[in-house]
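Naming follows writing order (A, B, C, D and E), and every chain is counted from residue 1.
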Amino acid sequence: MLAADGRPLKASLNRALRRQKIRALFLIAPLLIFILVSFVMPIFDMLLRSVENQIVGNTLPRTVVALQDWDENADTAPDEVVFAALYTDIALAAEYKTHTRLGSRLNYEMTGISSLFRKTGRAVGRFETDVYTEAFQAADPAYADPAQWAGWMQDDNIRAALPQTTNTYDAWAQMIVEEENDIPAEEEPWDFVYTALYADAAGGAALPISVDLSAIEPVSLQASFAEIDEDWIDPDVWQTIKAFSPSYTDGYFLNAVDLLRGADGVEQRPENERLYIGQFINTFVMSLSIMGMCVLLGYPIAWLLANLPARSANLLMILVLLPFWTSLLVRTSAWKVLLQQQGVINDLLVWMRIIADDGRLTMINNQTGTIIAMTHILLPFMILPLYSVMKTIPPSYLRAAKSLGATDWTAFWRVYFPQSVPGIGAGCILVFILSIGYYITPELVGGTKGVFISNRIAFHISSSLNWGLAAALGTILLTVVMVLYWMYDKIVGIDNVKLGG
Amino acid sequence: DGHMANEMTIVSWGGAYSASQDNAYHQPYIAQSGISIINDESASEAVAKLRAMNEAGNITWDLVDVEAADAIRLCDEGLAMEVDVDEVLAAAPDGTSATDDFGGALVSDCFIPQIVFSTTFGYRTDMVPEGVEPPSGACDVFDLETYPGKRALNRNPIANMEWALLCDGVAYEDVYDMLETDEGQAQAFAKLDTIKDQTIWWTAGAETPQLLADGEIFMGSTYNGRLFSLIAEQGQPVGMAWDWQMFDLDGWVIPTGLSEDRLARTLDYVYFATDTQRLADQAAYISYGPTRQSSAPLVGKHATLGIDMAPHMPTEPSNAENTFYNNYLWWADYRDDLDAKFQAWLAQ
Amino acid sequence: MLDNENAFVAFDRVQKSYDGETLVVKDLNLAMPKGEFLTMLGPSGSGKTTCLMMLAGFETATHGDITLDGISINNIPPHKRGIGMVFQNYALFPHMTVAENLSFPLEVRKMGKSEREEKVKRALDMVQMGSFAGRRPAQLSGGQQQRIALARALVFEPELVLMDEPLGALDKQLRETLQFEITNLAHDLGITTVYVTHDQTEALTMSDRVAVFDDGRIQQLAPPDELYEKPQNSFVAQFIGENNTLEGVVQEIQGETCIVKLDSGDIIDAVPVNVSAVGDRTKVSIRPERVEFKRDRLHADAHTLKAEVLEFIYMGDIFRTRLRVAGTDEFVIKTRNAPDQARLKPGEMIEIGWLPQDCRALDA
Amino acid sequence: MLDNENAFVAFDRVQKSYDGETLVVKDLNLAMPKGEFLTMLGPSGSGKTTCLMMLAGFETATHGDITLDGISINNIPPHKRGIGMVFQNYALFPHMTVAENLSFPLEVRKMGKSEREEKVKRALDMVQMGSFAGRRPAQLSGGQQQRIALARALVFEPELVLMDEPLGALDKQLRETLQFEITNLAHDLGITTVYVTHDQTEALTMSDRVAVFDDGRIQQLAPPDELYEKPQNSFVAQFIGENNTLEGVVQEIQGETCIVKLDSGDIIDAVPVNVSAVGDRTKVSIRPERVEFKRDRLHADAHTLKAEVLEFIYMGDIFRTRLRVAGTDEFVIKTRNAPDQARLKPGEMIEIGWLPQDCRALDA
Amino acid sequence: MSGLPPYATKAQTLRYYGLRTLCGLIFFFLIAPIIVIIPLSFNAQDFFTFTPEMLSLNPDGFSTKHYEDFFSNSDWQLAVRNSLKIAPVATLISVSLGTLAAIGLSQSHVPFRRAIMAILISPMIVPLIISATGMYFFYSNPYIPIPFYGKIELPFTLTGTYLGVVLAHAALGIPFVIITVTATLVGFDNSLTRAAANMGAGPVTTFFRVQMPLILPGVVSGGLFAFITSFDEVVVVLFVGSAGQKTLPWQMFTGLREQISPTILAVATILIGISILLLFTLEILRRRSERLRGMSPS
């Protein structure tokens, strides 16, 4: 469709509306930017952690490269080249103290690696590689002169000739600056630099000052590592390192759905370690029950509020909002007082002789406790949308139904109820979304059975420190919530969420 | 950052424990130095938070009170500063070096020991069945026949697994070796299975005392200081069962990366707060034992109740007949694995 | 007049108060024969809807008795009264299709499926909406919804149908069409109808009788032409149609005519309606279209008045001329826009008059 | 006609689309001299409000130019245009008193306090609301609110005032009073006014000129009587007033008259308006009040038609009679309810006719 | 719902009173925890337990010591001060930005309206634990992402700072402001702003003189929700804050974990009192605004 001046109508329209659009965006922009920065980015940042795995590559850069040539299906440990790389990497990591963190990371995949790395970190300085150091220094004192080293390492020809030495020296120099706060040109290089120098020389490279190497008895690094712990020549350990050496991993996600990457690909975890699928299901089932309870309790209240004169309804509404505004922690504690076996409700029931003193009900530290407390907490989120939908159903529909001959019940069930279904839908999705992500209340009253996946996430964040797994669980949870949110938007429309009135 | 020149953030566990530190160390130190101290009670998340602070390069804490296992972990990861004990801490009044005075409590290069405590059991004296001896220790928790009623145990594998094996007849020396094997783990879980549905699992130290006070449980594990305050300060009808108490250490670590002036301030505080007298003073407020040998004789009476504190210490010989020493290093390796299994077992 | 026993619908001294303080309906008496189309007309808040609701059973009279076919219905719940009702906003069930809406009253009467379908179809055809059975109310225009509401109120063949301003929300053209359809249907099916409106044209064109409500009372209950031409009091005269009023004092009453001396001193003839004695103050009422100003059409023996043309308004089919007469500036006359019609000019002086029987002396 | 340069308000080939797909206003051209009272009349959705909003600056024309006093206002934001506006729902600020409402436009113009107070007082007196200065809008009746809205639009002495169906929500009586007040004020103050309504009576009674809108175009722009009596096309004829249409073919055109052969075979005279050639199909349009049926008033040389009375409706001041004429059942005649007026009975056969100049042959 | 009609059957009467009883029970369920808290806060013991003395209404079972503790304990006082420092500022940010954005969103030509709305509401929807951890990591080490380049790390941190907690709480409060203010704006008569513009008022004047006074109830109620969100928020503050920013809920939470003391209940009782006051204020405001709005015929 063209406008009078021959331009497309849409274009003319856009031109005409530009000012309005800019004005609207100008008003929204500050908040949008604020939310993006203060909220959305943090969440993305966290989700990234579920696949991030740079720690292996960053801590063992040389080893990871050297391992590329190793066949993980072979039943033997890698060769000396890999161990040489590992030697340098661990020696440096031990100074940075990152080897234990790597150990913890790999321990998620294979129990025992944590202590292997810790032990190795402590022992790696005591390798017998000082024979190289001594041999070089004995051959020419220049090799013991830090300034001389620094000079060589600025000479491009030498750098090109001695690739391993250069690489090792640079890393060492950086470490000296960052960790020890010293100047490399004043420090004698450490054993592993000489080890690299020896390796270069043994490979036929020309040394700055030639040295006769034939007298040196080479040290087997593989043997040295094996001496610290036999595990170093266990191919399983190396398989794990290699499998988790890429910068990104699906390991956390596999773990989050009770799978693991075994010898022949992805497989289920052993039965006694399967936890998360069950937890997800538990979270779902409990959220559904909470949702159901909220509908059952919220519907009559919303109906009453919607049909009372405005004044009384607004006063009663305060009863709905008051708990909503009372500290969550306090309400949850109050439920403890009410629900426990020696608690108020049991006492009352015993006093009324409904139950016997030894037949007190267990209503807390299990799913019942969580469901009761969470129903209480989320009930307002059901009542408010239901109420706002019911407010819009004119009483004339019920009257019409009755004038057509319907009894009270038929009129309600056939005419009123179907029209309140959108409210039920809105409330249900809202309650479900909120409950599925709950954390504090289940933590306090849920016992072992009544906890949600969020509690596991919190546990991994603050106790077990497996942040990657926490992020993976979080990502899955967030995806579920987002799907529900999207449904909510489709069905109800986000703008139709109402809080009160 | 929000640090003023005269402010220190000290992280500890809160509750009566923090109060004892406040009385024994903070208040005298504040009076002496004029520095103000902010109490943070996030010690239970210390490792996580220190890690995040370290990643961010912004350390907001000056001194952290942690259990020995965490101290080892923090030290290994370079999150806690290594300290030269003799240089940083005071010698004993008799001149014994700090190293010798603390002795075996120095479990890590970063760890400045403070107290010994134990995880042990309290029980309701008024719920002990008639004609039965009151429970004496950890193994009674598994004896539902003699001592019916609910129990409370910590919601993680540490201590519970050891007790389960021990009370199932495994020798003390073999417990960790057994736990390394699948069969050992299965045995421990099987033992725990016998009381699983009678157990409330706690996550915070305050829960067991509350449950005992409510009469919700018959017996439960918790830190011995909590039980002391429940019995002695609150006068609840609760007794203690010391056998196979799980022995543990608690102390300070200094986060790495403090600026020089903050470090100097922290070290000054540490020097003050860990001398022989202060450590003994703390025991006047809570029944945790001082880690210096030289402090032991100085332990006196409770500051307000006036009762003798020594008999309530985990180290008191009559309490320490059977003591279980936690193997921190072993747990460092097996914690993730057993944790997953333990949580899966709980959820079953 | 019909007595309550023989009436189909009867209100007998009915009163209603919502708050226990003010009476919204005061002493209502009304008797309707079967098949009548009765309209309740009145300003907003005069109690029309309240009466309807009492009849339908959604409100309870605080005093008095309502009978349907001779039986008091006070204790019959709404759904057993069998009264069809059309609501102002139609109240079509939005979650049901048109057919389902119509079938609802039959279902709750436990009618068999085939019979139901047949009746629904018949009702839809009756309002010429046969092809819309599958639609939802939201997919219909206002006029179509109105027809469905009508069909739904009639489908279970009630003997009495109540309609509360059913056309209030529609535009003029549609209103007129539907007015016509509703009256036809009601007459054809012989249904007794109580119709509420505040539009006097609607009331006049549709009804057998009109009950004019004001202040909770029926002010006049009469067929349309009687209402228009013989209003019983000045409220009715003012409310129905346009009206010129002149105030004065009765000077003489002689049977069917009286002489009124206006406040301006002019003398006019009128029919005494509710003035009773000489000396009474009165409002004399005369319809704008009954005023003559052409010499040749003025009655010989009637009094005439002098008038000054103030404004001449062109309104298409009619001319409306505002005059200053006997001291008032609001005297209006209406003339048909015919080719030979004179267009008066502001400032012109004319003489106006009317037949004495068109001029009624009412209460002051 | 006025050219755009000399006009006070001018629309020059203005187009507007909201969605980029359909044009809501198509090629609008309009020029208004200063002081004119122009009404935009048209059915719902014909683009009247849109035009007003473009003039006020709340919508932007997608094409074309709007000038005010010769200056293009496309790039002047609304608050700098200095146009007074009365909104359909009055848009009185509910949180301000009447006086504060009126004082608002003066305040934003940084007028001094005493001057403001004086102007507000004058404006309130002008609409006879002097004693309501301290009330809130919620405490006023609809008609009073309307007056305040008017006063507020005028208080800052704009040269141009726009009104969008300002009387739409009021009842008939009040409407008529206010129509009168508004026109008087506008003329007295010499304000140029654009008035939007969909009520044709209002348009006819108030305006100097009426622009009839349909489908985004002005269908006819003319003074009221010309519009009513000489509609340019069948839309205007249908829309303004009631109208009878008969369809047929032009048989003969002779200057100012033509002969049309209706589809029923009857022959009638008419004025050719927009038929151009013999053989054209046409809709012949005749106003109900111009139809005569009394023998003595029928023109001698005019064609007459036979008619059967179908329905006689009593409407108070007029009678509306529906007839079957030349094959259509919808032929209506209106007669004044005069004492001597005949009341036709359904079934009666009569003869009807009209003056040829009242009957217009329009587009089919 | 007027009273029972005279023709009500037995079943109807039963249903009528049955429903009312049921609703009464549900209302009781809603406020039961609150009813329990108040007496327990006067417990003479240090536990959350109704002691026999309390049940027999023996005055010895009651004391105000937990209130005294609250008012004398420096940790609680610090927490109160922090809460009062953080919540109002966070509320101010949410309300000012939120109101502006809600007004922007309510205009007719907003590109990507749904998507923007979804993003703005998301802090309410995303599980708190996820938000908290995300903020924890990101605020520790904030950066600016540059597409196709990487990121610029910012040389400061927000965790453990007042600003960090305020930002996080402001983000959490925003959905409430957006929801309530948008709802208010739905009922807002746009012709009022047009009228103002028409009379010569610029956008800013129009906003402050016309729009703001009228949507004030929505803004206030959104602000109250935002305030309560911050005032009652524990998960995020535990992660993002540090002891220097410990708020009342923080203090309550650590209190519940480390030492179960009825001081928490005393605090809660005081807060409930304040909530009731606020709710009544809100109701009065609402009635006032209804009076104001009732006027413009719709």
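Here, contacts are C-beta pairs under 8 Å (C-beta built on N, C-alpha and C of every residue); 3 or more make two chains touch, one makes a residue touch a chain.
These are the chains along with the protein names UniProt gives them: A, E = ABC transporter permease; C, D = Spermidine/putrescine import ATP-binding protein PotA.
None of the values given here were measured: they were computed from a predicted structure.
Novice: Treat each pair of touching chains as one step and give the shortest count from chain B to chain D.
Specialist: Minimal hop count between chain B and chain D: 2.
Novice: Which neighbours does chain A have in common with chain C?
Specialist: D, E
Novice: Which chain wins if you rank chains by how close their C-alpha centre is to the centre of all protein C-alpha atoms?
Specialist: Going by the distance between chain centres and the overall C-alpha centre, it is E.
Novice: Across all chain pairs, which one has the most C-beta contacts?
Specialist: So the chains sharing the most C-beta contacts are A-E.
Novice: If every chain is reduced to the average of its C-alpha atoms, which one ends up farthest from chain C?
Specialist: Taking each chain's C-alpha mean as its centre, the farthest from chain C is B.
Novice: Any idea how many Å lie between the Cα centroids of chain A and chain D?
Specialist: The answer is 68 Å.
Novice: With chain centres defined as C-alpha means, what is the inter-centre distance between chain A and chain B in Å?
Specialist: Averaging C-alpha atoms per chain gives centres 29 Å apart.
Novice: In whole angstrom, how far does the Cα centroid of chain C sit from the Cα centroid of chain E?
Specialist: 55
Novice: What are the residues of chain A that contact at least two other chains?
Specialist: 17, 20, 342, 408, 461
Novice: Which residues belonging to chain E are in contact with no fewer than two other chains?
Specialist: 48-49, 136-137, 256
Novice: If I count partner chains per residue in chain D, which residues reach a count of at least 2?
Specialist: Residue numbers touching two or more other chains: none in chain D.
Novice: Let me know each pair of chains that touch one another.
Specialist: Pairs of chains that touch one another: A-B, A-C, A-D, A-E, B-E, C-D, C-E, D-E.
Novice: Which of the residues in chain C come into contact with chain E in the complex?
Specialist: Touch residues, chain C against chain E: 57, 60, 74-77.
Novice: Using the touch rule from the top, collect the residues of chain B that touch chain E in their complex.
Specialist: 1-2, 9, 11, 13-18, 38-42, 44, 52-53, 55-58, 60-61, 203-207, 209-210, 213-214, 234
Novice: Show which residues of chain C lie in contact with chain D when the two form their complex.
Specialist: The contact residues of chain C facing chain D are 171, 200-201, 204-205, 224-225, 228, 240-242, 287-290, 313-318, 320, 334-339, 355, 357-358.
Novice: Where on chain C is chain A touching in the complex?
Specialist: Listed in rising order, the residues are 56-58, 77-85, 87-89, 91-95, 104-105, 108-109, 152-153, 156, 162.
Novice: What residues on chain A touch chain C, complex-wise?
Specialist: Where chain A meets chain C, its residues are 394, 396-397, 399-408, 410-411, 414-415, 418-419.
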